[in-house]
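Encoded as structure tokens, here's the structure I'll be asking about.
Chain lettering (A, B, C and D) follows the sequence in which the chains are written, and residue indices restart at 1 in each chain.
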Amino acid sequence: MILILERNLKEEEIQRIVEKVKEAGLTPHISRGEERTIIGLIGDSRAKDREYWLNVKGVEEAIRILKPFKLASREFKKKDTVVEVDGVEIGGKGVVVMAGPCSVEGREQILNIARVVKDSGAKILRGGAFKPRTSPYSFRGLGKEGLLYLREAKEKFGLPIVTEAMSIEQLELVSEYADIVQIGARNMQNFSLLEAAGKIKKPILLKRGMSAKIEEFLLAAEYILSNGNRDVILCERGIRTFETYTRNTLDISAIPILKSITHLPVVVDPSHATGKRELVIPVSLASIAAGADGLLVEVHHEPEKALSDGFQSLYPHQFKELMRKGKVISEAIGRFIL
Amino acid sequence: MILILERNLKEEEIQRIVEKVKEAGLTPHISRGEERTIIGLIGDSRAKDREYWLNVKGVEEAIRILKPFKLASREFKKKDTVVEVDGVEIGGKGVVVMAGPCSVEGREQILNIARVVKDSGAKILRGGAFKPRTSPYSFRGLGKEGLLYLREAKEKFGLPIVTEAMSIEQLELVSEYADIVQIGARNMQNFSLLEAAGKIKKPILLKRGMSAKIEEFLLAAEYILSNGNRDVILCERGIRTFETYTRNTLDISAIPILKSITHLPVVVDPSHATGKRELVIPVSLASIAAGADGLLVEVHHEPEKALSDGFQSLYPHQFKELMRKGKVISEAIGRFIL
Amino acid sequence: MILILERNLKEEEIQRIVEKVKEAGLTPHISRGEERTIIGLIGDSRAKDREYWLNVKGVEEAIRILKPFKLASREFKKKDTVVEVDGVEIGGKGVVVMAGPCSVEGREQILNIARVVKDSGAKILRGGAFKPRTSPYSFRGLGKEGLLYLREAKEKFGLPIVTEAMSIEQLELVSEYADIVQIGARNMQNFSLLEAAGKIKKPILLKRGMSAKIEEFLLAAEYILSNGNRDVILCERGIRTFETYTRNTLDISAIPILKSITHLPVVVDPSHATGKRELVIPVSLASIAAGADGLLVEVHHEPEKALSDGFQSLYPHQFKELMRKGKVISEAIGRFIL
Amino acid sequence: MILILERNLKEEEIQRIVEKVKEAGLTPHISRGEERTIIGLIGDSRAKDREYWLNVKGVEEAIRILKPFKLASREFKKKDTVVEVDGVEIGGKGVVVMAGPCSVEGREQILNIARVVKDSGAKILRGGAFKPRTSPYSFRGLGKEGLLYLREAKEKFGLPIVTEAMSIEQLELVSEYADIVQIGARNMQNFSLLEAAGKIKKPILLKRGMSAKIEEFLLAAEYILSNGNRDVILCERGIRTFETYTRNTLDISAIPILKSITHLPVVVDPSHATGKRELVIPVSLASIAAGADGLLVEVHHEPEKALSDGFQSLYPHQFKELMRKGKVISEAIGRFIL
């Protein structure tokens, strides 16, 4: 931490701040510039956060040198975390495709789509039983019934399942059925849920919040990690910007950034990032080229009848095209589609 | 709802869409333009949401004419909702000031500050017992102990209490102690929590999410209203933008907009909106001038020792100044500070 | 400037950086932390910009301590700059209202509106002769003819004129007719135009760019100031955010921030900030309450016939209402409407 | 255009609007819904813009059905525009790499870098002689001297040149030397400059403004096209968002969107989009995978000595790596590096 002091402080005021630094178990290192005095704090300055120092009288700005997350950082763990689910490795050399409908809408529907995505090479089945919806009047998922259908699809096609839990109650139920539990963008800073997710034994797929900075995203992961669950998969799904042509703006740079500063696997959801079916393939290929460890794609055999997100779901033949092109791009960068 | 069809559709494709409209119990009204055909849907088109129509083949765009929220709208209820708490009316002619520390940090602290804000004219005491924090390593509140201190402060100074609940579990506990339960910005789309909040008997102060559009904000309120709780207070607390000088950007226009399209009371949190103590007074005065029904202000007798948000908390003498100036501005627009 | 060095640099690499600092005429002050080494640069580090240091090998981050603008800063000039135009003082104790149509559309129109705003108490007449328009197919102003009408209105009603110049060529022409030359938001970083504006003898009203940070806004002002023109009026007119309800989002906090870090006058354009007639009055009152030195408001006697921005122009009776309410708010904060 | 009328309008008010529509030479098509009446305008509604209708009393909202740009649209011209410069085709099947320093800093420097990029396979040389800089105190380019060095490099290495013009004056000079004239992000809505650019005989590389929506970007291109210059190359270079980790946020989806709605070539500037050298390669590969027709990359043989943007410039060996990997990705999608 570096403290930048206000202009024209008296010596005694500076000394008072120096004392505060020492009280915090840190060694102050003072630089007296022509216009400002700055104090470098030597020691593990994570003990007191930035806010603490901003509160100290005479401190104008406090600048963090160390990243505020630990367990999620590359410094803490150099080797890539590989999350294994029923033999499928996420975060390894292979690019993992998770596909399926936005919502589980019925037994037939999910079995149908599971077959389709399995046939095209998806390794994990996605599908929502509990759906976060902006309006209370929209379809909100089949709940437990949806979980049962997902289990049936899993057993039939040998596809592990990723599905969302929106509350601590749902977390218990969902973690019985799911192989990976998803925490949605709107809950990325639902800290109670994150803590609970840190205590279960299933991997967590954590989506980036719509207005979350990368650092906040990793601090959300840190909540899970620090509660004991080390299997966290990060999912970039677009951020909110002024551009209205797409539902969100995919932050493509987040992929190489995350791969560099954290050891956790990074997947991309091109369906929510764009909100437009015709953009899903190019944006998926871009994500693989940028280094993503996987994709989370919405596919529907009859998008027109989908109860949610149909307009951004791929048709089966489009998904097949995505798998084919994704394979080529993966190989171009020395990887492969799992 | 208006449907804009794709270019060059064949007549049979148009008829297929027309059939869909009729199936939905709506009357189609077709306009054939030179370049596009559009279909107006007559009837209560809220039955099927915008997504539904976007899913229909041949529909390029679907435009909602009606607002997606009902119970929160002025059309539904013309008269202002006035939330009453222990005789304090929020949403009436008086401007209500809710003040107190960011977090309850101890018995002495909250009693001290309660006295200070009471003396200066605050009508409601704020203070967090459960604190949402970006980092798992920051101070997260005293929990139930904090609630007990809040109750003591309430009894001693006759100040009703507003405090946050972050999960369904906390909601039960908090609603025993609090007079108003706060749902924070990060939980604005925690739909499970919103539903639970709709089932309790205490007023809810709902903060706008950092990247929530006004319409989404009102749909979040709709979740609470539609579950039976009609006492919702909206709180504008700044949105996330590219500007980094302030913690958030207060959306001052949201105040008159909300007052015009909803009957719910609108208060402003100038402390989180700006994140800088020296901006709290001008921004508070601006909010009152723009028509806010109240303020939610952080005050601390020793901000330097605050465990959270000290840098944006007013000193007692500043709070007194705010109350004095706020009074004059309120009167200038024909209101008064409660 | 503070340099944060990369982790694990060898001593010789650190020494190499130290040499660079000395070469730049600065004194390095080294703090060796447990995880990082930082170097404080003593001396006027404005000589080399932040980029320069980011370029130096081994430097991970460079943090500016001093603001990058000089002439625009309060430190450089403590006393408020008061821009005087035909006896009207902008930036003094009085709040100045500049009003008129978006575009000059004809002789009758501008004379009519000039009379209306003069009667209600406006002190300066606004009106565009050269109009920046997003589409090349929109009405782009009357050009020189518009300037002639503005001059006639000025002579008839004794109202000094503010009008926009979009290029260096127009700057020459406009500055012959205008009392204040406006540089629009889209040209805020048209550096060639800013330099030219710095060389004329007329005051400049500089609008904040749609995505300009406060610091960039002041650096744009610095371009004008450093070329010799000290009469710069800053105009906050809303920034671009994700919210689509309003045309832009007025950054109300920018008013007290600018008043604190610069000596230049700060006015607000509530018409472009909101894009909605019904929001202009509350947002104007908020701006005055927050400390704005003036308003730049669109008024039209027949908004329905306006060739641009009619939907956000006040009717004459609304402008009268604004002046009346603005007067009361101004007095409430110890100022007055000029 | 579709007009949505206010609620509860009287029949005569509706008729008044209908008259307005007819006056505009359009045929009104009325749909009377239960809550609202809407009017579809049949005919070329581009004659009157959206604003015009928003101004009409009783009209609450006006929704454009047609895109506001014509010459830039795919509907206007189905076939891809291919811009040819000295035999290099931009917008054809090959992916074109334009590379060079941010600024021309001297004769040696530009000749050195020209050789480097030529050797690695770049087809066009970039380099700024006139530099837009946020601060008036930063290095602003060598001006005409820089143009002379660029010409020398061109002659020596057979590389056509792209370089920026910031004003109409510079446009004349620059277009004598450059093969492609760049208009920078900050000037994207400098309409005077766009018009002038439409009148010259050289291709224009138009960068997207930092806060420009895709539609506004294409309207800026329309300014150039409608003034007679049909050789416009669009350049996505990142937009401004709340994320501060990168300089801007590359809008990767903009690539397939633009390729779909316009016939103009689309290139990407990964250097400004990210502002970080280590992100340039992954983001470049992503851009090619998403369908970009070219890249505009900053390369410097001694980034540490660069007078601008050194921190985001590739080292020669990194540029070589980019070319090698870019080739593989291009081929994976059925294209090639030119």
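The rule is short, and it goes like this: a residue touches a chain if its C-beta (ideal position, glycine included) is under 8 Å from a C-beta of that chain, and two chains touch if they have at least 3 such contacts.
Treat the numbers as computed from the prediction; the structure is a model and nothing was measured.
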| item | value |
| --- | --- |
| Centroid comparison with chain D (C-alpha atoms), farthest chain | B |
| Chain pair showing more contacts of the two, B-C and A-C | B-C |
| Length of the line joining the C-alpha centres of chain A and chain B, rounded to whole Å | 26 |
| Approximate Å spacing (C-alpha centroids) for the pair chain B, chain C | 31 |
| Whole-Å separation of chain centres (CA-atom averages), chain A against chain C | 39 |
| Shared interface positions of chain D, touching two or more other chains | 211, 240-242, 244 |
| Chain D residues within the chain B interface of the complex | 2, 4, 7, 29, 31-36, 38, 40-44, 63, 65-66, 75, 240-242, 244 |
| Of all residues in chain A, those that touch chain D in their complex | 211, 213-215, 239, 241-246, 249-257, 260, 273-274, 278-279, 282-283, 285-291, 325, 328-329, 331-333 |
| Contact set on chain B toward chain A in their complex | 46, 49, 51, 54-57, 68-69, 132-138, 140, 166-170, 186-187, 189-193, 195, 210-211, 216, 219, 222-223, 226-227, 240, 303-306, 308-311 |
